[in-house]
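Look for subunit A in each of the two complexes below; its partner is subunit B in the first and subunit C in the second.
Up next is the complex of A and B:
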């Protein structure tokens, strides 16, 4: 025992002496180990933080811990959409059954039904919207001709339409400069211009007062199509039990407006979606410039992107002009002149040009003027809180389905407000989703089959079409004589008025929990009491679903996140690949250095062997050297890594410069947190690599015999 | 849905009774035959038809509807009013020149689409909403006589004229020799790739009291998508009513009033 201790002491002494004697080699190997440990510590801390951020973002916004959907589905559930759009999921016919069965599984806290899809919202262009209001005004006046208030409203609206016509005429005159007057469609353009001019003259409006409906038909069909603005926008939504959704997803909060009252139909528009797609473009651009200036210290004078945005605001001033009727325009002039220190008498177009002539010196002041003086008079969002909007989508029956829903407010997710990944998804009540989805119930299928039979429709396949349609026995008889019918649409449409009234009543009534639960859903989020037991619970939920014959697929939040989750996998893959490459190179360098060291010490090793040192002793000597270097420099590297992480945190973290990063970081910046796991992992890794790289040199040294050593020249 | 409407806009047209059959082997006869086909795609005065539409698309549930189609070509106006299934009843599509207005009684809202947009993201294009102008837009050549099942047909090939913008630059038509009705129509891309095939296996003629002459219409039309195999559309015209339509029928107010 004592001899072994002595031997160990000698071994350590020789090893340390060697390390000190070959300082350069020791430092080179040490630095490699240090950098390796640093990379592993910083990289794994960042990955752990991204994992944590993504877990927060996904579990707190749409995912929960587990998701279930029909196992008969062709596609996979992707909560945030995939490359080819929304997931192709088969419906879960009765969510109540799922809730009942899975609710009994231990550790399951809540089950939230969902249906994620996209729909079309007809916002109309400014002409469409104003003419629709004018039509409403006309109807109101026809209903109560003596109402002075209604008449005043109608007159103001007429003045607004006249102003829009004047702006459109100006725009077309400018556009005409660019096109060949004798080119294609020249006659069509002339006719369009004549229609516009016709609507601009006082005689048209005198005639309008006499027959307003005819005047409206003319404006809607001849004038509105000339305005180029699009009147549609797409919306991504999750149809859900809204009360359960708000309770389950802790990051969800109503940013503006109120929550949808329990059981009511309604929509909470994604705040980020509203900012991106619904906000008046000039206001949006001002916000973007402000954000870039404040958060990233960008300057208009230096950044090309900001200069482009400034140019964009200048060219879009017309959208603001179009929103204001003559009285409002005068009020806007009155407010803007002193705020912008403009000369008396300067008119609105010039004032707007002055307001949007932005540079770094005036930006903050002009931003304030816009929001304080002008914005209160404008419709800042195409859809406002309190509006009833019509959303429509192609349903399962093939036809487009549409529902009216009230906008109760805007929804955002705490911490990831600026992320478009979660923030563009709006939340709609489950009944409206079901109406849009148009699930083919057995009643509906029966109705369609009946129509088919009544109409004598036969099925012909493409392959057999010609034979079936033109073949057969006897001479061809293509034409039959028939008698004209007397079709009565009133009879065919009997009961449609009642349907309209019933639909109206459905819009405003509150649904019971039972009604909300019973019906179609496409997927459901499951929230657990203890998220740490996710694997065990996933298996239990799957087993319960299988036992009840529910035909469900159970996946975890990471799989359900689709492309977003894959992006994190990609990041992790890149980090692992980089680490492998680094340590591969390190292994070769350390190995070379140690081989050189072993060869340089052949004589010494031979002498030691000659005086009785065992092979084991020689190997031990080299391993002690390398382990010592690895531990010392590995610890230093880990400490340095910790320092780097601390510096990143102290300087505010790594900023999220894109939507995706905002989501992955679960906030505006990534604040990496050093974990014990990453330090231990880095030490184990560098030690393993170092020992592996010392094995070959140790083997060379081990094979040295005293005879060989003595026969070697020098 | 919009694809179906386009089909009706294109094809569900009444045509006048025929005079003597032209001979397509001669240039004059060929020109007169193409003009005749145009006439068959062109409407003559007011009409109202009860139609059935069925569209099959791969991976989707079939669209099945019954609807009324109103036409008044003098003003270039059309109206489609859905009567079945229940969920669709009262929905209307009003076409006034190049505007297509859509009305849904369950929301009480109107939507306007213009010719600039691809309608509803479907294959419906501007050309589909236009009147047939084969003689103006295409140069026709006579390919020869061909049998189509038990029918003897003339096979015509049409190529678009220079500078004309159409949805399909090439058409192949098979015209029944006995009745001069189109039996089959193939629509091809510029590359010669077959895009869509249409069959008109049954035509009907009806005496129009207001005109004192026969009016013809295809009772059955079948369209097969040659790109998305499996997609097909069937249109049946079950009844037609040739009485003059109400003067204010092609207005929003009239359509709204149907579902009040």
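Up next is the complex of A and C:
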């Protein structure tokens, strides 16, 4: 024992002194190890944060821990869409059965039915919206002709429309400058111009008072199409059992408005989506500039991007003008003048130009003025809470289906409000999804499946659907037309008093849990009591589904995230690849240095062996040297990495400068977090590589015989 | 009483593809307390013989017994132990551990052996430092010493474990003749005082003259063992 101790002591002494004696080599190896540890610690803590962000975003907003979908599906489930759009999934005909069977699997907490798709939403432009209000005013006046209040409202609305026409005319004149007046479509443009001019003259409005409905018709049919902003937008939605969804995804919250009442039809628009696509551009730009200034300390004077946004804001002031009727415009002037310290009598266009003439000195003040004075008078989002919107989507066979749903609010997810993943998908009730998708009940689904087999087509593609359409009375077509007809009818009825109420009744009807469960879903999210046992539960769920004869495929959230997950995987792959390359090179360099050291010390090692040192002594000596260097410099590198991470955190994280990064970081900045595992992993890795690179030199040392010490040549 | 028995030893090793017969049947007995010189031209096999006696190598055929043990029957580990406890080595180019001080170099084999207290080790090392005449250099590094002083350190290191046998391969070849003379004198002193057996190879006749016996080797065979009258 004592002998060992003495030998160990001298071994350590020689090893350490060797390290000091050959300090250049020590430092070179040390620095390689240090940089390696640094890379691993910083890289892995960033990766861990990205992972964590993704995990929270995906599991907490749409994914759950597991997802099931029909194993007969042609495509794979991709919760966030793939390169070719949404996944091609076979429907799960009766979700209730899935819920019943899988609900019994241990560790399964909840099962949430889903159907994800994209749809077209008519948002209406300002012109549309204003004309709709004008029509409402006209109707009210016709109902109570003597009401002075109603008359005043109508007059203000008329003035608003006239103003819109004036703005439109101005816009058209500007556009005309850019176009050859005698080119193609010249006659059409001339006719359009004539229509606009017709609506602008006082005579039209005198006629309007006499026959408002005819005037409205003219405006809606001839003038509205000239408005340049489109009235459609795409949304991505998940049709689901909304109550279950809100309960399962605890992070979900209604940002504005209210939750959809239990069992009722309705939609919650993704907050993130609304900000990006539905918000008034001026407001959006102001938000973006503020965000850049506040968090990244960007300055308008320095950043080209901010300057572009400011310019954009200025040029879009007209959109605000268009929204305000004369009464509102006057009120806006009254509010803006003192707030902007503008001279008395300055009118709204000039005031808006003043408001949006932004620089670093006035930005915060003007931002406040915009939101406090102007915003309450504006329609900030193209779709507002309380609106009933029409969603259209191609159904299973390519025919367009449509439903009207009420917008109850915006949905966002606590803690990951700015995530590019969560909050971009809107949430729709399951019944509306089923209407859009083209299936209503499991019976219908079965019927359809049967029909398809009868027809001998397993998958009805668009071409086939067309062929069926022109090829006479296929039974499959019948089903689709019935469905489409029902919806057309509803659309037609919308706007006509009595029958409108019937449609309203459907809109507000509460469906029972039974009705919600018994029907088609495309996939279902499974939430577990213990998310840590995901693998085990995946197998258990799959086994239960197989045993019950449910043709389901069970995948974890990562697989379900599709491209998103693969992207993270790719990123991790790149990091691992970089680490491997780095350590591969490090291995060669360290190995080389150690071999040189071992060869240079052949005589010394031989002497020690001759004097009576065992092989393990000299091997131990070499290993102690390399391990000491690795541990000391590895720890230093890890500490430095920790420092780098701390500095990154202290300075607000790595800013997400692009949409892609925003998405990856699950927010506007990446705040890397040092995990104990990443530090330990890096040290183990560094140590492993160092020891591996010392093995060959150690073997050389072991093979040195005492004879080498005896050799006389020096 | 013999400490070394060498009987009909041959040693063949491969140099590239050719077999080199370094020893062709050597027999030799070394008694305790001898101060033996192995002489012969280079390539005659004297280093090979010393390696076999020093348990650094084993014979192809024949018997080498060190302290009564047949070296060809010992494991690498046992051979190392035998070297550690029974044999001291002095090398032509001193072979000191550069990163250790003079004191630590001499102490080194004691630490490998273990078993002595720090004070015991210090007593032994200091005694040898004095005996070899380098008392004031204990804290120096080998690189700070002259060649002769370094070889004195090597002698002290070889003797510190009180081995039965000290092997020295051309211990004076890298020294000027006066210094070489001094080293031989030192070894001779130690031989006389403690009765330690010394075997050293040399081709310097003046060095040989100090030996109690000379073994002349040529072409892998012991040509003759002659006693040196002056020292007998």
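One rule holds for everything that comes next: the second predicted complex is superposed on the first by the 530 of 714 C-alpha atoms of A that agree within 3 Å, B and C clash if a C-alpha of one lies under 4 Å from a C-alpha of the other, contacts with A are read in each partner's own complex, and residues count from 1 in each chain.
As a working rule, contacts are C-beta pairs under 8 Å (C-beta built on N, C-alpha and C of every residue); 3 or more make two chains touch, one makes a residue touch a chain.
Remember, predicted model here, so these are calculated numbers, not experimental data.
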Subunit B versus subunit C as contact partner of A:225, first or second or both or neither: first
Residue contacts with subunit A in the superposition, subunit B compared against subunit C: B
Partner chain(s) touched by A:404 [first = subunit B, second = subunit C, both, neither]: first
Which of subunit B and subunit C A:345 touches, first, second, both or neither: neither
Subunit B versus subunit C as contact partner of A:9, first or second or both or neither: second
First (subunit B), second (subunit C), both or neither touched by A:549: neither
Subunit B versus subunit C as contact partner of A:17, first or second or both or neither: second
First, second, both or neither for A:676, with subunit B first and subunit C second: neither
First (subunit B), second (subunit C), both or neither touched by A:608: second
Overlap of the subunit B and subunit C footprints on subunit A, listed as residue numbers: none
Of subunit C, residues touching subunit A in the complex: 47, 50-51, 54, 56-57, 76-77, 80-81, 83-85, 89, 91-93, 95, 97-100, 104, 107-115, 157, 169-170, 173-174
Partner subunit C, residues of subunit A touching it in the complex: 2-7, 9-10, 13-14, 17-18, 20-21, 603-604, 606-615, 617, 705-707, 709-710, 712, 714
Contact footprint of subunit B on subunit A as seen in their complex: 122, 124, 128, 132, 213, 217, 220-221, 224-225, 231, 390, 392, 396-404, 438, 440, 444, 447-448, 451-452, 455-457, 460, 462, 465-467, 469-472, 474-476, 478-487, 489, 492-493, 495-497, 499-500, 503
Complex contact set, residues of subunit B against subunit A: 1, 48-50, 52, 54-55, 57, 60-66, 68, 81, 83-90, 96-99, 101, 104-112, 114, 120, 148-151, 176, 178-179, 181, 183-184, 197, 199, 201-209, 214, 216, 219, 222, 224, 229-230, 232, 234, 236, 238-243, 251-253, 258-260
